[in-house]
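As structure tokens, the structure follows; a few thoughts come after it.
Note that the chains take the letters A, B, C, D, E and F in the order they are written out, and that residue 1 is the start of every chain.
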């Protein structure tokens, strides 16, 4: 018999500092490209993170995936490493990467995807930097 | 001439009690799987429901579908049956189903889909249990 | 030297079931007064709780009161007792009380007030039942 | 080497008046179809607009597209023309169009799409009229 | 025995058009003082209205005041007169008044206050024009 | 004739980095008191700021105070100094002050209060650090 396919989401958050600053450039180039986001002494945000998983509910539990488990995976793979940290300085898996929300979301995908149970798969990582700026990643790659 | 295709959404809400408890299992099994959601005397939520319809606007009205009609369909098919009810006990169309948001969203799709006008079709049912937990159903089925 | 007096707030939440039903009345009276809130098999809500404390910041810490401590007090005195519970049945300190948000907020005040440190005092308990209905208690009593 | 493809969104808003009224119809027909939205003297809304762009981040900046540029395009093409205006009367690019959110979103797409840089493309225009009513356009056309 | 005094709030909303324009002034003066809010063809908002009532809960019901009644009073006295209307043109009780949120909130107080039951009293009218601009009135008057 | 007294609020926001760290203490003491907020390389937040002014509306304009002016004062006195800055390092008027929200709110009051027009007065500064933590200052001082 055919079974419904759904998408379930868990929201978590973290507060972190960062700056957008390319060390290969002069301060003037950084100021020209990144504006106030290049401030040498950092700035920060309350980041909201939504992780969406695709699958079919188990008839016994009604669950695609136990959200308590998804919460724990997000906590272990993301929140413990990013919350109250400096995204340019303190996070091994972001070393050498410009910490834009595009790059942070991509890195979050790569950490969560291998941890999911076999019967479901990662569908989306959605990351808010502010209420006005956010990015979505569906695991797509191009050339 | 080609016409734009859009997706229009109406948000409604209901407040309900439920528990996640499988009667085929022991209390200990339920506690192990569902944790505090298995509390014998129930708990509850403010559920937010978003129903999205796909179609092409009528040039005379600018409407894909009259949202007053969509609101009435949601009210008659969902809100009147779920609002201020017990989702395990009081709802004929959820009888024998574990009332997880996955299963509730699937049931809501099945009730709303046949009521829509011919010129549009149901695209998505999105159901929030809390601000941190929500599920989306697009009418997809698998094996 | 004079020191500023401020009000600091911590928000927490809990999900619970309740019904508004006076056992001294007939079902018809309950239906007439409480409407759908009297549904025999319960309904429920996502309750948002804001606890506000008044005091003067310590110059060494900048804190009126450590919010980690306030969070722990709210957790121990309120959340552990109300979250995923039935407010009519499962909560000793609400026994025999109609669990309206007025009565719940008053009971929350009485549990938190004695736990606060000496240098600050409880200012307000704000409890949302839905986004449209909420109640505030400042510890005032009348005749 | 393959590069990630992401979707980045900028939110802006505008406040405007409109009415839903078809001048080819009688007042009674308008009242029957549009209800209170046909009020002769107008009504209005706080519109929230989300514009989503698809692309691949530049490794030097981490940006799909500079959001300061996207903000400026939205401002020049949409906000300056719609904010604090009457959508039936004051907006050349909406002349002769019923100003439903379906039609407004389609017109916004057509204004923003040609302004985007070559390396990214417009993915979605999402327009909220109220918290309960919103429409999404992905640039799709049908017959 | 002393009884707790609490403040209970009901939120409603309405969508309306207005302009800030003083007919005793030239268009240039209006433009100088009110800026884009003076646009001749109107603009509009989604107004959120919070009405707060002070009182003591009845032990039999747990209610300061039945929120179903408060909702009906707000509907009859405010929403039916302001929703989908033009606040400068369509509302008898705002005639001759500049429809700023200050003046609208004051008028709302005057309509709701006489309708409340004897055992409670109106405490506050809070009116949001946008998420960024709002006004509170506690029934205070000065010289 | 008596005139109504109201409270009008303008919301603005800024994104900033800070840490809670007392240089007179050892790292261990800082860790013990401030926990993860003491992270040496900073963290940050999206701060939401609400400034409330008390006064009587001018009958000609309906305004207690022009919100365009209040917005400009907040921008000049607060946002330009705090947005995308490090609150421990970059802000002259916070030098030597532990940048807790208690101390930041007090400093904001002191900068805005002298800038207000004569006919109104500052009533409240409300500062959110996260959705769960916020502080209010009414200009009160004690011993």
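Everything that follows uses one rule, which is that a residue touches a chain if its C-beta (ideal position, glycine included) is under 8 Å from a C-beta of that chain, and two chains touch if they have at least 3 such contacts.
If you're wondering where the values come from, they're calculated on a predicted model, not measured in any experiment.
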item: Shortest walk length in steps over touching chains, subunit A through to subunit E; value: 2
item: Third chains touching both subunit D and subunit A; value: B
item: Angle of the C-alpha superposing rotation, subunit B to subunit E, to the nearest 5 degrees; value: 180
item: Selected pair, out of D-E, B-D or B-C, that shares over half of its residue contact pairs with A-D; value: B-D
item: From subunit A, the most remote chain by mean C-alpha position; value: E
item: Chain separated most widely from subunit F, comparing mean CA positions; value: B
item: Centre-of-Cα separation between subunit E and subunit C, whole angstrom; value: 28
item: Where subunit D and subunit F are represented by their mean Cα positions, the distance between them in whole Å; value: 34
item: Sites on subunit E at which at least two other chains make contact; value: 131
item: Chain pairs that touch, as defined at the top of this document; value: A-B, A-D, A-F, B-C, B-D, C-E, C-F, D-E, E-F
item: Subunit C - residues contacting subunit F, complex; value: 2-12, 52, 56-57, 59-64, 66-68
item: Contact set on subunit F toward subunit A in their complex; value: 13, 15-18, 36-37, 39, 41-46, 83-86, 89-90, 130-131
item: List of subunit C residues in touch with subunit E within their complex; value: 20, 22, 24, 33-35, 97-103, 105-106, 131-138, 140-143
